[in-house]
Structure formats: structure tokens, C-alpha cells
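Okay, so chain A shows up in both of these, paired with chain B first and chain C after.
Take a look at the complex of A and B:
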């Protein structure tokens, strides 16, 4: 045992290849290797489609569309990670998204104006609708979570029931009709030409993210210094900060290369009395609102998972339910909370979906449960429990959406996309479990 | 060696003489536990004093672990009384037990394998910052301190405990129990998975904790372990406590007889009674 440890510590002589030095560099930065690998995989997929499409794929307009299409599934996947980590499953997310989506539409077209008297002139109608929608989502989540946690009915069964009956309830909400005509502010949540934060704010978001990264690095280092723990070498810290900032600012610049459509740009020019230059006015749109929402959700969910007691308990329960119970954790309430959180996320995803469509149809969110579970699993979440990260699941959603969008871009029809998605799902998990076995 | 042994037994004799006059740290009276149609613990009574080690021996399924799980809150007793320092208490779950200063090292260690050592040590009792965020650095620092005392060779504070050796995992489980200033410690087979060196380490720790005035229930299959460490030994057989004896008043053979036959040495079993 000690001999082995000594051998491992001895300077590697055979491992002076560039690959080994790269491995040491990565080790010094203490990056999550799995996450890093997924980023590489995503980049490879995007580049491959770019080559196959003759360089047309990687244009800002395509990438922004792709990202907006991935947001609903990605938002839901952040919650599904916690549900799967704590050894449960939620099959009802798609139906719940559909139910809340229909509720939003009805709130704005019917319930709020007719019952409460909030007409289109009321400025915060969108916020009232959003708040009620979130309450509905949380309520359904709490109900299912209660039956699972306290009634001890398997989550697969409870949420399978939810999948069927909540989808059925959508029909009763609107008597089978699609509902259109939302509040114009609410529509912005879905993105689109007007639903973006604009060039300046996008730069601000990029700079804030960069400063946030530096703050986290400095704070982490200070914390470890305070207790005299080993810290990363300084060059590794600087490397992470520089590379991280370059990526964040690069993405902001990329988002800002997406310009307002000419018609809207001319309208803007007329309104503001700006003379239109020849070739049209180029107004950067920046990040669409759904992406901003997704960034916010990812940060908050990561914070909950890693920095809050609740998150720690979710992972502890997933790792060993008995240990969590014996540790004095209120495991029932912890499980119930994961489903409440899932319901709230379904409401946010529904807001994006409804905003994009400017309508609620009967099939909003249909089959989402499958895409969401696929995203979480491709992102490294294990059904054995206790393992999975939120950024991983978001990346997983982007990988799956890139594949679908890329194939569609090349003219593959939707059954063909499904064939590819299924194969990639299985391959990704097979590779992951092979990698895990090799690692331990 | 002989001198120290004499001294120690002398000290414990006075300790038990003194504590006989004082209130026991723990008193469990007429405890009954059933589950799944099995009456696992029948009318068992046992007590424990400050600075005392009470060994609990018996066959598999004799009810040792079940009796202790009633005290640790893992599986509350159906009937019976528990008194902590003379006050009747109700223990319905592990949280209750911890409130009374009862800490348990379970045989299967009860670790969350996917979490690191500090997260396991503080599981359910995390240190947080002013804003309610987990203070991982503080927890790591405290874990390093307690490990310095328990197992100075322990260095893997950031790895999930699944990647640790049996002895290291045991250290994590022990650290969790001793960190929170336990008054009463339940150790269920603390050395079953350990090599000789690590076993000696655990033995030294038990003696040290005893010196500090902690009362310890020690469950073990190893009669020699129990004889080595315990002040008193309780033998369980088919859910009952056959007898509680002072160490030194019986031989290992007597204890073995009680474990196997379920009766006191010299006492006649049902078969012999029938033969008469």
C-alpha cells in the first residue's frame, strides 16, 4: 500500500509526452474533467456541423436560435438533476409545463381581465401571471412530492400518473382550444427580435460574469489560505481567470454579432431620428431573455446544490439514504422540496415556451420529460443516485439540441433526428460508465 | 504492563463503586422491539455509567444491534423506558438521540459514499456562514483537527469517501461520532473491518475516550476485544439479556457458555431440568 503510494509520487519518467504534460496542466487547475470533456464534445459537434454545412452553421443567428430552443429543456434539466440524484424520477414535467403554459395564456386573455379586472392597460400583468403560474407549478410539485415522500409511493408511479392526468387537465382548462394573444411584455420572455437585452447590457452581463469568476477564485483562495490548506499554483489561478473571461466575453461578443432584422432596425432608426447608413443600421440584439433566464436559473440552482444545506442533503440521500436518515436529516421533507423546485422550474420553462409561441396549445411540453431526462443523463447524472451536476445537465441539453438542430440544418427530418438522439444518448452513457469504471 | 493493568482495574473498580452511588448516564428499562413478526428485543434492561465501557456480546440475531438502535433512534423501541442521567426521555429518531449527546458508529459506517470526509463528518450538522451557506473550508479545517488526533495519516479530505480504504472510512465514522462532544458513544463492531494496527488504534481511542468520562456501549463479536476493553459485559441471547457481569468475575469460557446456551454458568438449561 505505502509502496504503491510512493511509486505514484515518484517523478514520472515515461510520461514526458505532450499528452501527459497536458494532463498535469489540467490537474493543476482542478477543473471538473467531466464538464471539460462535455464542453469539448459540444465544440466538436458544432464544428462538425459547420464543416458539413459548408461554414453556414456557426453563424450568430443560428447559434442564438439553437440556444433559445434548448432553454426550456435546459431549465427543466437543472431540477431533474436533483430529482434523479435523490433516486427519484419526474415523468410529469412535460405535462406540468403544458398545464402552466395554458394557465398563463388563460390568465392573460381571460381570468385576469374578466375575473380580477386587470385589463391590458395594467402594467405588471405579466408579473402577476408569472407569480400565479409559479404558484401553480409549485403546488403540483408539492402534491406529487408529498405523495412520494410521505405516502411512500414510488416517484415513477406518481409522476406517471401526473404525466397522464395533468396532460388531460390541460384539455379541460381550455376545452380543447389553443389560446393566443398574450401580454406583449410576457412575450419578451420567449425571446425573438424584440425579446433580447441589447448590446450594452450583453457586454455588462459578460463583464459581470468575468468579475464574478475572478471574485470566486480570489475568495476561494483566501478561504483556503485562512485555514492553511494547500492552494492551486498562482499560474493556474491566472490561467483559469484569463481563459474563463475570454470565453465569457467571447460569447458576449458573439451574441452581439446578431443584429436586429432590417425592418425593425429601420423602425428603430425612424423612432430615434437616426439617419440610416447605406446597407442598413446594425443594432446588436445581444442575449435573448430566455438565455438570461437560463443563466440565472443555472447559477441559482448550482448555488442551491453546492452551497446550501438542502443541496448537500439531496446528494447525501442519493449517496446513501440510510446514512442521511441516521445523520438526522429530514429526508422526507428534502425529497418533497426537490419536487416543489421541479414544479417551479416547469413554470419558468412554460413561460419561455408560451412567450415564444405567443400562444398556448394543447401539446406544449409534450415529451419534454424524455428530453429532460436525456439531457440530465448525457450531462453525467447517474440513476444510481448521488452523482450529477447542474452545469453538466445544462450542457447535456445543449449537446442534444445541437444535434437535433444541426441535423435539421442539414435537412434530416425529425424521425431521423430522433434516431440520432437515441443513439447518442446510449453511447454517451455507455462511454460515461466505462470511464467511471476505469477511473475507480 | 501488569502494574498498569492492575492500576486500571483498580481505577475502574473505584469508578464503578462511585458511580453506583450516582445516577447512571443511560438506563434502558424493559425495552421491547419487534419488526416483521420478529420479537428482536425482549424486556431488556441495561445501564451505563460515566467513563465506563459496557460490552454487548451475543450471537448474530441475539438483539445487540437492535437494542442499541433503539437508543440511537435508528429504530425506536416499541415499549420500555430510557433515562438519560436520570431523566426519562423519548427517542423517536436519530436527531433526538444526538440532542442527548448519544453518538453512534454503525457497523456499516453509514457514510454517504459520494461525499468527502468533511461532508460526512458534519452530515446533518453542517457549519454555515452568516448567510446560511455551507462553510466547507471551516468544516474541512475542523475535520483536519479531529483527524490529527484519530488518524494522523489521513490526508484525503477532498475525495469521495468511496475511494478510501476500510480503515480510513472507519476513521471518518469515528470522527463524526467524537467531534460533537458525545456523552454516550455506541460502537457497533468498530474493528470488524480493520487490520491489527488499526484495531490497536481504535482500542487506544476507546481507552482515551473512557478517560475523558464518556460512556461507551461496545458491540463486538470478538470476546477478547470485549474482555480487553469492557468494565462490564452484557450477554444477549434470543433478544434477552442473559446476564450482566463485571469483568474479572468471570472467565471467557463462562461468557461463551452464556452466548451459546443462553444461561448463566452453573444454571441448568431447560433440557437438564426436563431430564431431572
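Take a look at the complex of A and C:
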């Protein structure tokens, strides 16, 4: 989907040496090989789990669970890419997610009803809470970003301080207790049987993605012509369009094979006076809201990173800070903005986490900073700066979560899961740097 | 239990140590919260007064400030004694300073909630040097001279499993354990499950544990939850529900070791549209007691620390009057009192020492006896427990609906 769109924008790779025909084919389509490799790795992991579980793993319902479990880390990873690309780090994302999560819960159960008088009967309480939560996240991000960019304090130190103090502040918000009983609409942000967009809309999303892909290809071809860049052979364009559309529509169909649980389906049938067939009513749930949010975040963040001046500045700065500064880029403001963006994303991740738990506990977002950095790095983001893609980081999050989920599915306990995650992290980066060396 | 806060605790501890190392004066001085009566204690008129000094490791958990402290204080003051205390903010080092301060303020008995059962030993030695008896409150201190007052942790596991086994005597169980590094999660609570007859039922085939990897008890049974983290418990439980559905098996009961993991289980059931099957927990957290009232959690094993505080206060008064440890008697709610009677028993510590101990009984709370918590003055208020409860929910009666 988006990665194909990215590939269409990537400068053509020069392939001089004679290569295998497959390699040439891939080169003609200008697919990002790293991303393609990660997709293959993800597929291998999923297939391996499928074999190990006796064919029970690759079911739509399981894959949707896996995807939903990966969303919080994936959302944060899209922002972490920009932070790391600009040669910084944000260790406070987990704590900030926890703080905003607790704020959402308290806003809905206590602050809004008590202070502003927005009780359960007010239909947009969830939206008010979300808006305030995003403002809180952006505020913390701005504060940390300001100290880093204008105060010239290393981001490692500032956000390490944030990790400690923001996590501590979570305790003061609720005096240490978990807060439950959120707005029912807000819960939908976390997915679940009711928190999905349904079969028809899922098909619409799939068709829209397909049309969007075709539009990007046509537009890209026109633009390249206009500026005299080499264009892909026509067969490659058609191949990308067909394969891309097959993938997104296939994913939509796959998501729609995920049906409402039997008890809820019966309830639905009773409420709507539909007679239940012998096998039970099969109501496709389609994409859960968290995944829709993640798709939206990925598209917007990719657009920001590749098409907005801010995004290009981030990469320019990461590639060569001195040159960027001499080139007239307002580097401080650029750096500060990456942290504001990170704060906003932490608020979105917190919304998903809180919606999923239907509660805010003290430990929401605990150790997320590690998973998020791991996802970004597995996804090809380089600590040297200037290198990293948003879709790569999202894929990285999926790779890491598919390991955790798959091992849990097989009954492997958490120490084993951690061992596997650590090994994969190192292997992925080792392979990546080997690949880069070979490439140059 | 709340081991999920351990990591934060460690971080705060590290900061406190840093602060102490960097500037001395920069570290917080919680001892200031205690009445500053150090000078007065030397007055001869007070020599006979029973001053009970309490050193808390932290007030991070709402429980200590809400139930334990007021009950110890009330009991001591009702018996004519004087209560002083200090909070060590999760620092073992600070706690040693606190204990010395309490001794200097004239404490005749010390009640210690140890941050670390070994790091506290110098403080216990200091108390011995002053002939001050020490009560190890809630957490064991590895020293034969102490009086250990706590809840029966094995008993908690037993109560959790007993309640579930009574409700679901046969079928498929899932066991959600806590942090793999915590002996409560890996050893004590499973020992309680076994005592309740779970292992026998597994071996007889009445009960199948769906998330087991072998037949070695207890390590092959159940799924650990790093740091007792609620989100992690949710992720694990979702995978277990998916696996059970893929295998065409039903889940009939879920044995979660504590409340934070039980909360994750409820979230997983909600996310997967799974029915709320009988589920256990412990701690009496407000959110979980609310789930008991709503019918989402069957049993919450509650350690009524009001009574623990009373027991410690009574024991402290007796020690003040020079009563020998073996002769102390306590008078608390019979449903919580030690099964062995109101005299201390000999307790074998894991370190191989024998200490005098009062081991209190936990109370399993279900929707039927929810009013017990409500009327006990627990820190979870009736509003917390009855939030969103309607007339058709199991907790309706206790909530007065």
C-alpha cells in the first residue's frame, strides 16, 4: 500500500551489474528492497508460527488481534523515526503515553463531569477528552523539544528526565489507583467487537486504497515526464497496480473474514429480528478502529516526512546538521517540532491503549520506549541519522509484535518472548548494516 | 502486591540515591512528617510512655496511608501509647536513617515495613542494641528476633483457587501468573492453588489447564506477566483466547494471581467478545471490586489490612509492657484472625530461621459478601465499587439497588 507509493517516489536505483531476472524485475518496479525484505521476513515469521501451531495461526481473527496489539507501538514508532533521523532520541514516550492515558480516564470519569459539567449524557465527551489529551501530549513534547533544541541539552538526558518524572507524575494524577468506567464511545478507539468499521466500510477502504495507488502511479508518471526523470516501463506500472490492488483488496477480504463473536451475533440477530441460520449469523467486523487510526497515521506521517518541507528538513538535518544549518534551515524549530509531533502521537497511542483496556492503570506505556525504539530500528532507522522510513518502522512494530503474539499463542512464557525479541532486534540491525555495506 | 510499580520504585530509588550522593541535603526528608519531639523523649515523665515508631518503605500504594497507618495509630493511641512514623520513599538507605531517627525519638517498639528484607538488617541490629523489639509488618525480615505479622500469601492462592473450584469444579482453566521474578507468582500462590486441590483435579482429568506446556507443577502451568503489567496480561490473554478458539475449546475459568492481571484479563475478554467467565484476583483494588459488582470478576481475595494494622498496634502495646513475644495475644475480626489462634506461631522463614508470627487469613470477596468491604472502611469507597452497577448486576444487593 503506502510502501509501494513510497517506492514510486524513490529515486531510481542504478543497477549496473548483471543480476538474476527476479532482481531485475524488482529493480524495474523500483520497489524499496529493504521494505520488501522486511515484508518477506514478516511473512516467514507468520508462516513459521503457522507451521508450529499446526495451521491454526494464520486465521483472520488471530491476525487482527496481532495487528491491534501492534498499533500503539507502531503509532509511536512513526514519530520515533523522525526523532532518530534527526539524531535525537525520545525515552519519555512510554511515560508520556501513560500520563495522557491517565488524563483521558480522569477527564472522562472525574474532571469533565465535575468541573465542566459534561456528564455521560453529553455525546462528544470522548472528543473533548481526546482534544485535551492531544494538547497535553503536544505540550509535554513542546517543553522537552524546547529544552533540547533551544536549551541545547542532549535529548537523551532531557527525555530520560521525562521518563522518570512523567511516570512519577502519573501516580499523583490518580493516587496510584487504576481508573475505570470510561465513555463507551471512547472505548471504541481501542477496537473490540463493537469497535470495528464493519464489512462494507472495510471494502470501501480497500477500494479507496486501490484507487489511491493507481492515482499515485499515474500522477507520479506524469510528474516524472514533466521534469524529465526516467519512467518505469509500462508493464512494471501495471504490475505494481495489479499486485498492489490485489494485496489491499485481499487484506480487506481477510479482515472481513473476522466475524462477530457468536454471542454478540445472536444478540444482534435478536435486536434486528433476523432469523439465525444453523451455523450462526456471520457478521463481518472488518477493520477495527485502532488499525484505521494506524493506517491514517502512517499515511499522514509518510506524507509529512516525504512531501512537507518540515519532513525534508528533518532528513536534511539528520544527514548533515552543519550543512542544514548553513543552508538556512531553522534547525531548532525543526527539532522542537519533531518532539511536538511525538507528543501528539503519544496521545493517540494512549487513546488506543486506554480504549483497549477500558481503564487507565499506572503501568500503561511501561517500557514502550524500548519497544518503540526497537520497532524503528528493526524498520531500518539508523542511529547515525538521516536514514529511516515511516512504513519501515510500522513494519518493524509488526515484526516485533508478531514474535510476541506468536510465541504467546504457542504458550511460550514472557522470558522466552523477551529472549526472542532481543535476538531478532540484533539480527535485523546486523543484517541491515551488512546489507548497507554491501550496497556501497 | 502491585509489583508492577517495582520498576518505578527502582527508578525513584535510584534518583533518591543519586540525590543523596550528590548533595545530601537534596534528598527528601520524610522523617520531618513525624512529630518533631526528639528532645521531649528524654524527659523522665515520658520514660514510661509507650512510643511506637513505624518506618514505612513508601506511601506509593494508596493502601498504606488509607488503612494500615490509621489503624496502627488508632490502636496505639487508644492503648495510651504514642505513635510516630517516617516514610522512606522506597529507599533502603533512607529507611536506615529513618529507623535511627525513630530510636532517637525514644521509640520503645519498632514496626518496620521493610523496603528490602536484607538491607534492613542493620536497622534491626540497631534496635537490638537498644533493647527495642521489632515487628516485621507485612513483609518478612530475615532475623530470628522479630515478630512477623502478615497475611498468609499461600492462603491467598488457596482462597483464589478454592473459590473458582467451587464455582467451576470441572472444565478448562487458564492460569495467569505475575512477574516471573517474584516468588509470590512462581511459588507461593501456586502452592496455594495446589493446597486447594487444583493439582489433584488436573491429575484426575477433571480440569485441563489450557496454557500449560508440560506436566511439571507449577512451572509448566500458566502464563507469566512481566512486572504484573495489565496491558501485558491483556495481550497474553488475547493470544490464549485466540488459541482456544482455534482449537475449538472453551475457557471455563481463569485463575489470575492478582488484581492488575485480572484487570487485563477482563480487558481481553471485552476486546475479544468473550463471555466473562469466573475469574480470580487479589488485592481489593477499586477497579476490581467494581468488576466483582459488575459480574466481570468472580472473586477478589482481600487482605483486610485494617485488621493487620490493629494486630500490629496491639502487639506493639504488649511488647511495650514487656510481654514476651510468645505470650502476646491479639484480638481482631475472627474472619481474618490466624487459624492457629490468637497466640503467635513459630514460622519457618525461607532463610531457615524460626520467627514468632501472626499469619492472618485473607477474605475471598464475591458479589455475595461485597458489603463486607464496603462497610470495613477500605480505601475503595462505595462509589468506586458500585460505579455503573445496575439492578441486574451481581453486586446490586451490596450496592443497595
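By our rule, the second predicted complex is superposed on the first by the 421 of 440 C-alpha atoms of A that agree within 3 Å, B and C clash if a C-alpha of one lies under 4 Å from a C-alpha of the other, contacts with A are read in each partner's own complex, and residues count from 1 in each chain.
Following the convention adopted for this analysis, contacts are C-beta pairs under 8 Å (C-beta built on N, C-alpha and C of every residue); 3 or more make two chains touch, one makes a residue touch a chain.
These figures come from a predicted structure and were not determined experimentally.
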item: Touching partner for A:373 - first (chain B), second (chain C), both, neither; value: neither
item: Touched partner set for A:263, first chain B, second chain C, both or neither; value: second
item: Chain B versus chain C as contact partner of A:322, first or second or both or neither; value: first
item: Which superposed partner A:69 touches (first chain B, second chain C, both, neither); value: second
item: Which of chain B and chain C A:130 touches, first, second, both or neither; value: neither
item: Which of chain B and chain C A:308 touches, first, second, both or neither; value: first
item: Most chain A residues touched (candidates chain B, chain C); value: C
item: Touching partner for A:77 - first (chain B), second (chain C), both, neither; value: neither
item: Touching both chain C and chain B, counted on chain A across the two superposed complexes; value: none
item: Residues on chain B engaged by chain A in the complex (per definition of touch); value: 72, 74, 93-95, 98, 104, 106, 108, 110-115, 119-120, 123-126, 128, 132-134, 137-138, 140-141, 144, 162-163, 165
item: Residues of chain C defined as touching chain A within the complex; value: 4-5, 7-8, 11-12, 15, 60-62, 180, 211-213, 223-227, 229-232, 234-236, 238-240, 242-243, 245-247, 260, 263-264, 266-267, 270-275, 285-287, 290-291, 387-388
item: Parts of chain A lying in touch with chain C, wherever the complex brings them together; value: 53, 56-57, 59, 61-62, 65, 68-69, 163-164, 167-168, 171, 175-181, 190-193, 260-261, 263-264, 353, 356-359, 361-364, 366-367, 404-405, 408-409, 411-415, 418
item: Interface residues, chain A side, partner chain B - complex; value: 1, 223-224, 226-227, 229, 306-309, 312-313, 315-316, 318-320, 322-329, 386-387, 440
